[in-house]
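Heads up, the next two complexes both have subunit A, just with different partners, subunit B and then subunit C.
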Partner chain A sequence: MKQLIAILVDGSVYASWLFIISAGLTLIYGVMRILNMSHGSFYALGAYSGAAMVGWYFSTGSVPWFSFVALIGAALVAGITVGLLVERGLLRFMYGRDEVVMILVTYAVLLIMEDAIKLIWGVEPYFAYQPYTMLGRTKFAGLSFANYDFMLIGVSILIGLALWYGLNRTRNGKLLRVVIHDREIAGALGINVSRIFTITFLIGAGIGALAGALTAPGLSVVPGMGIEVIVLAFAVVVIGGLGSISGALVGALIVGMARATAVHLYPEVELFVIYAVMGLVLAFRPQGLFAVANARKI
Partner chain B sequence: MKHSLLTAATVACAMTTGGLSLSAHAADDYKLGLVTFLSGAASGPFGIPAKNAADLVIEAINDGTLPAPIQGKGIDGRQITPVYVDEAGGATKQTSEFRNLVERDGVDAVVGYISSGDCLAIPAVAEELKKLTVLFDCGTPRVFEEADYKYVFRTHSTASMDNIAAAHYVNDNVPELESVAGINQNYSWGHDSWRDFTETLKVLRDGDIEITTEQFPKLFAGQYGAEISALQVNSADVIHTSFWGGDTDAFVLQAAARGLLADNQVIFTAGETALNSLGEHLPDGAIIGARGPFGPFAPDSELNTWFQTEFTERFGTPPTFPAYHMAHALIGLKLAQDKAGVGASTEEVITAFEGLEFEGPGGKVEMSRGKGHQAATEMVYGRLERVDGEITFTDIVRYPADCVNPPEGTETVEWIQAGMPGAECN
Partner chain C sequence: MKTKSLALLFILGLAILAGGLLLPQWMSYLFTIAMGKGLVVLGLVLLMRAGLVSFGQGLYYCVGAYVAGMLTQFAEVTDILLILLASISVSVVIAAIIGLLLCRYREIFFAMFSMAFSMILYGLLVRMQVLGSTDGFNVANPSLLGWAPGPEGASDLVLAVAVFLVVSLGILAWRYLNSLSGYAGEAVRENEIRLEYLGGSVFKVVYVKYIIAAALAAIGGTVTALVSGHVDPEMAYWTTSGEFVFIALMGGTAHVAAPIIAAVLFEALRTYAFAVAPYTWQMILGFALLAIILFMPSGLWSLVERFQNKKARKTT
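Up next is the complex of A and B:
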């Protein structure tokens, strides 16, 4: 029983973390058909800017609880600002190119951003652990869990609900879905596709930076951290189906639960199990669980 | 004919001036290739402290200001000019970079390599190019256990020493020890560390030790929630971890927040690098290692006082074990060259280096393994204890080199499983 509780909680926490990382990635692909390799760099950017801001905030001796505002605010500002620069300054000139070209372009952005981050923050680790520890821990069933991790579950649910509401219950969301369905027809109907792309990229970059900021308090922020997560994020969105928000949610849950189960029962296959699940899903559903297979336009 | 003569004269002039230039250059400086992580996740905790140590020690060697017993300015009567190379990129890239250092930059020697993968790949190239190379930080015992090298040296002990000593320490210092659990990175470093630790414990306790769980998360995983739960569910008397760098930081933060470190006895074989940044999260009683007699475990000597003071003043943080490893490599190289004499050939320096014994800031280094090419040093563990808020250590135990390093000509695992014959622990 103790083990089962541990698996469920650990799986949920890990799935929440994965969902926050992959939601922005899958949103950008769904709307813009760009497999955004630089998503990992937005994650790192959010982590660095959030950690730096939290470090500065606590050095001022201000009220500890507002450090969450500093953490998230700094990441969102940095993510959206750099996202705007990348989208307006580079990506918009590439729209319509082959998806493979866009992968290479965003990979170049990733490399540039990784070096830019090193130029700004250096290679020394940054810490922002105060928000992680100040929430305390909860004990039950003989186990002890960090309350910060439960907060992550809450944040991921909020992000999921916000995306669902935004896409399904708002005018802009409906316009965006039209673009997802057929960008040429959307353009012909008078929808400003370029503007939709910009907004989508900013939301995706913002969520990526937010993911980094929320992760930062539990670890040391170091160079290369963005590259580490991008592989996991790809696994999640591929399982769920590229471009599907609900797919990312289910993919994150599958990966999270599979990994937690492996860690507790078969720790030797912990790494393998994530990619085994991905391979299994792709063997039966090459387009992923929730993506609809589309006929190619000629 | 006139044209040919002109060409020949031009070529001769070029060769002469080039040759003079090269000779003058060789007389001016000792070009030293320095390879360490300048980017990537290993740069912050390892690569940069090592580079800082290199800058500090090279400057002192050039100025002749290193404390006694090290004397004289420069190496081979020449000032050292470092040529830095980033170790990031993997073994294939590093072998190319090594060739560039030797063939393009014309370095006199190379000091480098933190990654065990790089340390396994480089020696073959060093032998091929006949270039004196000192491995400064990597831990794999395979380098000199699987092959003999003429041009390659390593001036610190292998990682086996860390874990053999760790097993001795918990066996002697944890009362009523019955079970252990492990969390180590899922690559050769983590697996070898855990194997050496548990195999040694089995020998020391005649097999009377229970392993409750073995966790091997991916290198740089960053998220250890499930592993921490598994360690709570499968409770053990001692938790062993050889995590390093950012992984240590993340594990300490997450485990401390969940009470794992307060409720369990944890031994961090390479935990010293986390002391400066996250010491406040480590509870009293945590067992800490520094991969040798380094940092808080370094001996009280003039050389160490100089190293700690200068390093801390210049870089704002005390030197950790990668910095000590770099200092030892540079001092070992200088002393070997000094012993061989000014103008000595590479072969003469190698002969002087083989079996060399010297004092570094981290104490005595004996090049007594691997046919005189592999160092053996003592290993130290201690328990963290706060005194007036300051981190200090208690229950410090020093294990002699011949207690925790396999004798010459033996492989680590075979030696441990044979009952560690010849180990001199008293």
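Up next is the complex of A and C:
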């Protein structure tokens, strides 16, 4: 019983973390048909800028509660600025190219950003544990959980709701869905597709950076953290179906629970189980659980 | 293949070998590593000819290396031919199984799933205490048919074998690309449905290519493991596979020699860049990759072709 609760709680914390990371990835793919490999770098960028900002904030000795604003604000500013740079400076010249070429282009962006991060923040690990410890811990069923992790679940639900509302209940969201459905017809109807692309990329990059910032207090921020994340996020989004946000949610839940179960029962297979789940889903549903299969053009 | 160019290749191989043996130790070491990577990339290029980019050749690279390492360390088999045979068979079996699932996919899905499979191996190796976990383990010196050259001569032996493999497998790959099933690969890239109309099996073409590429990657991994004397899970990490993709794009897919030349150039560049700017190596790679995609989409080999075209125009 105790173990079950631990698995459930750890699983949902991990799932919400995964959802925040993969939501940006799947949104960008859904709209722009770009599998953004550099998403992991935006995650790392958010983690570094957030951690650095929190460290600086606490050194000034201001009110501790506002450190959350510093954490999230720094990450969002950094993510959106760099996102704007990447999209306007590079990606917009590449639209319409093959999807595989776009993988390579964003892979190049990832390589560049990884080293840029090292140049700016060095290779020493950063710690921003204050927001994590500040919230304290809750004892529940004889187990102790960090409140920060519960907050993570709340934030991921908020992000999910905001994305759902934005896409389904606002005018801009409707325009976005038109572009997802058919880029050329959308353009013919007078929708500014390239502006929609820019906005989508910024939202995706912003969520990626936000995910990094929210992760930073829970662990040490080290070089290479973004590279690990991108493969994981990809596994999550393909389980649900690339380009579908509800798919990302389901994928995150499946992967999160599978991993938590593995960690508690068979720790040796932790990484293995994630990809095993992915392989299993894809063996039966090659497009993922939620994507609609496309007819191939001859 | 014309006898003239065959003889030329043979002489080239001998020259490379002689050069490699005369070079200082560290250079011939790098050269052997480049040969190993060149073989991996050769396999990748075969796949790219069919329009498939694999971000997971590291899987077979690592399998080849670990088979070599485990045979020398745990089974005390040091004969290089036996090791090669073993790593080829293991990789072919794995590829035959994974290929059944993977060869149904195209484009980004093929790229990302192949990456996921190599990450599975990485995840397993990292957790395996017996195999040294993240540190990996050392590989003993190889021998050839009972002749054990010792630590000094072992690297020369591996170099000789690597050059022999590169030349012979390069010729085989060339023959393959000019065969019916080789051309069918390009048909897969251009239009799969028409290939099916013509009576070809798209799945079979892709499947065979995938297995060949896996075997080549395993051979490359074995060569690398034997010359460096060490293996670790990093070989299956997806950044290693990304490096192979980079080398393949750098060389281009027009000729079987392109990946080998690109691998040598890549290793040379990397050695200098690491010495000069250790923290900006990846950044240099990234900008180079963008430059290749933008300005030289068919790789460095397009320079050779341009040169050849110019010559052809002059003679006519």
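Here is the rule we go by: the second predicted complex is superposed on the first by the 296 of 298 C-alpha atoms of A that agree within 3 Å, B and C clash if a C-alpha of one lies under 4 Å from a C-alpha of the other, contacts with A are read in each partner's own complex, and residues count from 1 in each chain.
Heads up, the rule we're going with is that a residue touches a chain if its C-beta (ideal position, glycine included) is under 8 Å from a C-beta of that chain, and two chains touch if they have at least 3 such contacts.
The structure displayed is predicted, hence computed values, not measured ones.
Clashing of subunit B with subunit C is the outcome of superposition onto subunit A. In the superposition on chain A, contact of A:185 is made with neither subunit B nor subunit C. In the superposed model, A:85 lies in contact with neither subunit B nor subunit C.
Contacts of A:118 after superposition: both subunit B and subunit C are touched. Contact with neither subunit B nor subunit C is seen for A:4 once the two complexes are overlaid on the shared chain. In the superposition on chain A, contact is made by A:235 with subunit C only, not with subunit B. When the shared chain is aligned, subunit C comes close enough to touch A:104, but subunit B does not.
By the touch criterion stated above, A:270 is placed in contact with subunit B and with subunit C alike. After overlaying the two complexes on the shared chain, residue contacts for A:219 are found with subunit B alone; subunit C is out of touch. In the superposed model, A:280 makes contact with neither subunit B nor subunit C. With the contact threshold set out at the top, residues 118, 123, 267-268, 270-271 of subunit A are in contact with subunit B in one structure and with subunit C in the other.
Subunit C meets subunit A in the complex at residues 53, 55, 101, 104-105, 107-109, 111-113, 115-117, 119-120, 122-124, 126-127, 191, 193, 238-239, 242, 245, 249, 279-283, 285-287, 289-290, 293. Within the complex formed with subunit A, the residues of subunit B that make contact are 38-41, 43-45, 47-48, 186, 213-218, 220-223, 225-227, 229-230, 232-233, 245-246, 249-250, 253-254, 256-260, 263, 277-278, 281.
On the subunit A side of its complex with subunit C, the touching residues are 35, 90, 98-101, 103-105, 107-112, 114-116, 118-119, 123, 227, 231, 234-235, 238, 267-272, 274-276, 278-279, 282-283, 286, 296, 298.
Listing the residues of subunit A that touch subunit B in their complex gives 2-3, 6-7, 9-11, 13-14, 17, 118, 123-125, 127, 129, 132-133, 137, 139, 142-146, 148-149, 215, 217-220, 222-225, 228-229, 259-260, 263-264, 267-268, 270-271.
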